[in-house]
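Got a structure here, written out as structure tokens. Questions coming.
A, B, C and D label the chains in the order they appear, each numbered from 1.
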Amino acid sequence: MDFFTPAILFGFALSLLIASYRLVRGPTAPDRVIAGDAMASVAVALLVFLSFHYEEAMLLDIALLTALLGFIGTLTIAKYLEGREVAD
Amino acid sequence: MGEGSGKPNRILKFITVFLAFFSLWLLLTSALKFDEILVGAAASLLVAYLTSEIMVYGGVRDKFNPARWFWALFYLAYYWLYAEVKAHYDVIRRILSPRMPLRPGIVRVPYTLKSDCGIVCVANSITNTPGTVTVELDEERKTYYVHWIWVVSPDPKVCHREIAAPFEKYVRRFLG
Amino acid sequence: MMVLEAVGLALLFLGLFCANVGALGLVRFPDVFIRSHAATVMSMGGAVVSIFAVALMGGAHNPSFFVKACLTALIVIFTSPTGSHAILRAAHKSRVKMWEGTFCDMLREDEEKDG
Amino acid sequence: MKGRKPQEGMTLIVKTVSRILAPVMLLLSAYIVLHGHLTHGGGFQGGVLIACALVLLLLAFGVDYVEGKVSFSFGQVFRSLGATIILITALLGMAFGFWFFKNVGVYPYGFPGGIFSAGSLLLYNIGEMANVSASFLVAFYFLVKFRRRKR
């Protein structure tokens, strides 16, 4: 198992790197939000893998909360882009 | 929502939500010690008391029907082993081919479901399969507006047959 | 237990392949709506399959790890399509320019018909 | 839906998903607060998560819905209640003959690693959770109302 760990980490890092091109470059704001959302879910997977590798159960809680809080951020930006107030 | 307005139904709803939260707490702590169970029961009692009206609409009796659970499991197996794999293969082929065959468009997809949870389950299933994304939901016309990566035909009947019908057929059995 | 670990490892590499291909599609596709399909490949095929694979690998020795990781995957399955739907609806309402080769746009037609 | 006044909140999909997720977030915050002395996290993090659950409902359903459930004055009262619990916990240390904020065992200690093993730290976490969650909620209400009056 430890033999494959560098390859797995490299795969995660490569996908995050390629997607961050769209995050930096994206012509409109929804492009950036879509790329950031996808990167957040891959980062959750990376946290779960690190929790397995270091045998650290607390990283799982952090992954759970990252998945939940990214959703709230996406909804907030969506409401802002629709051109409405947060309240209604 | 008309059936969910009696006192026995409210108590039944409360018990259902409490059981769900208590099992979630046991899964989270994953330790069967006495103090964990005591504190977890207290916390899930409090949260269920506060939120059981928000969480479950309508009646609660049919949620314990075993036939519905069987159909839900069947739907999960169909969804993860056939629909997702097929859609992923299709979109990955389009990404990797050098000429990128694309014919995108937003089409109307009518639906015939009644309950809120069923509508949302089908909409999220459509979004979760790559190739189709639900952009807008119109409750009065009973229509999803779906962005499709390869529009076969803009006719709503063809779109319903290609996109929503395989999910609706099973979701109707367990969510109505 | 070796079988579970081998299956988990194979699934993990499949998930990594999907994540990289989805990221590539995110770069190559021409507009927001089409890019969201690639983002779905990244979050469903990449993240959820990887989480499930790691859950299989760790769950061989430690059942609570399996349960918590599957809970994380469930939350990703619930939230990812909803966020995608909300952001695309906002993009369509704020008139983000669509690709020139777009075949049809029924939603805009219906909105203009209603006035 | 179209051509008339815009609907309150977001679409049915977002409403239903946030209706299911917000109670789960409340339970997770209870887990974080009550295990505050065993894991990372504690009163502040749990309180922020409660405020996040209410903000999720506020985004999905609109501010009038959330104010019908948790009113502004209830938030103020709850915040003061949390501060009072923190003060009582701090004074307990002096009441038992030690210094300010000394951790004392107001209930019998359990075995190490259990929930009942922390003395008055558990009470402090709960008070901080009440204070922080209500403060964040009141701050969000202030922001929303200020924006509305300006328009």
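Going forward, a contact is a pair of C-beta atoms (placed from the backbone, for glycine too) under 8 Å apart; a residue touches a chain by one contact, two chains touch by 3 or more.
No experiment lies behind these values; they were computed from the predicted model shown.
Colleague: Go ahead and note the Å separation of the Cα centroids belonging to chain B and chain D.
Modeller: Spacing between the chain centres: roughly 29 Å.
Colleague: What whole-number Å value describes the gap between the mean CA coordinates of chain A and chain C?
Modeller: Those two chain centres are 11 Å apart.
Colleague: Just the number, please: Cα centre separation of chain A and chain B in whole Å.
Modeller: So the centre of chain A lies 23 Å away from the centre of chain B.
Colleague: Provide the C-alpha centroid distance between chain C and chain D, rounded to the nearest whole angstrom.
Modeller: 31
Colleague: Please output the residue numbers of chain C that touch at least 2 other chains, ranges allowed.
Modeller: Correct list: 22, 24, 36, 38, 64, 68, 71, 75, 78-80, 82, 84-86, 88-89, 110.
Colleague: Spell out, as numbers or ranges, the residues of chain D touching 2 or more other chains.
Modeller: Residues 2, 10-11, 13-14, 17, 20-21, 28 of chain D each touch two or more of the other chains.
Colleague: So which bits of chain A are touching at least two other chains?
Modeller: Those would be 64, 68, 71, 75, 78-79.
Colleague: Think of each chain as a node with edges to the chains it touches; is that a line, ring, star, complete or other?
Modeller: Its topology fits none of the listed shapes; call it other.
Colleague: Spell out all pairs of chains that touch, sorted by label.
Modeller: Pairs flagged as touching, ordered by label: A-C, A-D, B-C, B-D, C-D.
Colleague: Provide the residue numbers of chain D that touch chain C in the complex, in ascending order.
Modeller: 2-3, 10-11, 13-14, 17, 20-21
Colleague: Help me check something: in the complex, which residues belonging to chain D touch chain B?
Modeller: 1-2, 11-13, 16-17, 19-20, 22-24, 26-28, 30-31, 34, 57, 110, 114-116
Colleague: How about chain C: which of its residues touch chain B in the complex?
Modeller: 18, 21-22, 24-25, 28-30, 33-34, 36-38, 40-41, 44-45, 63-64, 67-68, 71, 77-78, 80-82, 84-85, 88-89, 92, 99, 101-108, 110
Colleague: With touch defined as at the start, can you tell me which chain A residues reach chain C in the complex?
Modeller: Listed in rising order, the residues are 1, 4, 8, 11-12, 14-16, 18-19, 21-22, 28, 30-31, 33-35, 37-38, 41-42, 44-45, 48-49, 51-52, 57, 60, 63-64, 67-68, 70-71, 74-75, 77-79, 81-83.
Colleague: Tell me, which parts of chain C touch chain D in their complex?
Modeller: 75, 78-79, 82, 85-86, 89, 110-111, 114-115
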